[in-house]
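We just call them A, B, C and D in the order they show up, numbering each chain from 1.
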């Protein structure tokens, strides 16, 4: 899957989803064609050709796109929204996503994201990193990114979440938990107004909850894994975006599994963030469609 | 990638390729929409949005398809062939491909194909298996498939190739070399009038030619692989369809690598055949586009 | 990992396990050296150098081994059993394991084992295949192996298990459940007097119990897997021998996952059986050491 | 494979290699046992039990090891060197390897090594990083590691190599080329007096020489890879330590392959360095034994 680190100007992405019915693909491509757009790539999926759910991601090139977004939006409202009852989202590829990051003490996922961003692999900016520990401040600031230390205790959590929300709201398009070892409240998730991506250090749904590497060692599994998923109120139960595994043997201690697993965690999380920033992921109930 | 072992009636596949230009996606979907077809899935790829090569595979449902193939073909000729200079291919999904198989002595690739066909995983029939050795006759006939033994020597090769062509022509849609240890002549490849798929027992372009596992052992590689490719006159140089690898260690003898590699060979070949039978592969010069 | 399909005569395997303590490796190698044996390969593992559990597998060559087994056993009893309190097992590599197979209707795991056995990849013989369905009789008998059909209902199960035990006892060294869809009773497992290997069609401990592919589809996982494990009274909880996974996408239906998973199931089971037949697996509580 | 980031005091590693013959394993373990050492782990491999090459890595615990190294060395000389004609190497696990790094402009392999070192994953120190470009100076110095910029032109190369040697000699145990885009002369390799590890950005022996990702794109391969190997005078021909691959598709441009490949390069190189630092790799002609 190609990630568009350097999208062209005048490139747009149109995400369409809803109940499947004949004629949607044709309606979308005709609309774009009449507007003067050239389709660069098109991915389409229907959960069932008869009465299923429809998903489409179309990348197109349209001269002077920024000035034509509004008019295009009106046509989409009429020709897809009203005529077919579909939901759509129109995005300019030139605009990187603003990604807020929460982290605790482990540095591997955080550093991997910041480094990939610096080398141009991720279509994102990082307006801020917030941590409940001070440890990673210097590392973050060396990338020229603000680091804010907000300690959390059981008592101060509601108050700290308000402070976090105050910092985030209006400033981010997506929040990434890069090994943040605090559970976010349902209120926070509702108020933050942006999708939240978490990396879980196991192959979900195996080893949900805390201490997955120790559980994996105890169960004697021969593979360990990591899972990136959208966060919902049901801990470790949100829609899965990406997963991967690596081999383990009887020789590996729980600490070895943790070290080995860290390589998978950062890889899986960086893929999930790259795809999210390229508008490749569409939520489908508690699953995801990844184009 | 889903393989359609049991395609629905009235499902068609349209493969389009040629020089990219604005409006192709729209033209195809409008044509299908006006004909009353519903798009089931659509894959599209352009090697370069500005002046590249265009490829599209569209699966659609159209009532009474068998009786409408001819009229649809005429429209495609006019609206894609003449208007855009594109090449197209229209296929009824309900028709399984007729797959001829050449084999020598090794049974693993052959048995895997026949067994997958029997259990309904491959949208194919096997009209005949031809071998230069008699060893696998009983195995093949137990699947109810004709087995023809045609020994080959350096002297008889031209004559035997004529006999092979006589058996194949008109009876197959694709020829699969399931570990056939004879080189086919350029004349044969030209005359057979069907694509030919080979499985090579290495990760091409490493270890071309004979004895790849011995070469791999000598070079001390840590992975061994297999490659399925279309056969051209340039031995081991044709367009690659699929490749995979498995880990090797210093402990593996050349015989171990051969045993281990056999698992990869049969897996890679069966994927290539499944995709070919589902019209998922489009040749692009000496490469392939696999949807 | 090399599998010894064609072990040499006069090759022995010595498996030693117990509480770790200084001097075990030296004691074993001195004993073998004095007996005139040459060590071919040696694998050793200690769960913790201070007070852990010790495991060792030594392959050696000793002229006239069959006639020296008894004397060697006495020395092992004295010098490892009595002196160190260790458990040991001495095996002649030339003797293939006798593998009984239970199967229901799915043929992929069964056929893969029989093909590999015929090809010389597995150091085993198959004295009999027992099934609760008649479907696979012809396939099995073509390999020259007896197929016994023993239907099972809830009422007849205790009686049938007695019949199964009667057929197996004394005739097998290990029992393989190659997709056998009946749960074996605790009494059966106790009485059969041989280890039992099962293939579970998920990456355990995810999706325990029935219908794992449907559960995987519902949970939206991006990888599906299979697990070979020794059977204990706790269903799907026995010591894991081997696991592997394959990628899944939103396009895969539950039926697709099942088809795709079958490739992993047969691969994982065949590895587990190969390793068991080569005495590479040592049980360690509810885990396994695989050398 | 476990990497010993935090080796215990008094832990030693003994590497033995030479012509195989009966009694070596016993001689080694008896020698260690008499010295009062307890074997922690033992890996052994013989290329052929009859007249092959013998390799063994033994990790042991011996109280007061630092003060006993010399006496142990004398015993090894007598009982392995003189009696069996074997080569041996005795190492204290508590001493990290001193790893010099050469780099050009690409940062991914370098940073990954430095991060892992800081995190305690690699049993190494990095006395210096030398580069023919100034670009990565700031990144390196943030880790508290000296960065030396030595530009190289065709004319100055012999002189610069002398300067490099002057900096390295006596200060390093191994030299790592973390994407260093200059070819080292045979004289340099001879004089440096330490093994040199390189990361090549292809699955060797495919795509040797420069520009492997472009070649991979042109050949249309479906997997791309990376290879870590010891450097010899024969470019890209030295003993392979580790290799891995990642999937590629028709959609990937050469730049995509390069980005994707970078993930494999840094993973493969870090494994090779970790294993080298743990004395897990033994050269065997133009291959490696990796325990």
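Everything that follows uses one rule, which is that contacts are C-beta pairs under 8 Å (C-beta built on N, C-alpha and C of every residue); 3 or more make two chains touch, one makes a residue touch a chain.
Nothing here was measured: the structure is a model prediction, and the numbers come from that model.
Shared contacts of chain A and chain C, meaning chains that touch the two of them, come down to B, D. Of the two chain pairs examined here, A-B and A-D, the one linked by more C-beta pairs in contact is A-B. Computed centre separation for the pair chain A/chain D is 37 angstrom, with centres defined by C-alpha atoms. Rounded to whole angstrom units, the spacing between the C-alpha centres of chain B and chain D is 42. Contact with two or more other chains is made by residues 45, 249, 251 of chain A.
Taken together, the chain D residues at the contact with chain C in this complex read 21-26, 29-30, 32-33, 37-46, 49, 61. Listed in rising order, the residues of chain D touching chain A in the complex are 1-3, 5, 107-108, 111, 115, 119, 121, 142, 249, 251-253, 256, 259, 263, 267.
On chain A, the positions that touch chain C within their shared complex are 45, 203-207, 219-223, 225, 239-245, 249-251, 284, 286-290.
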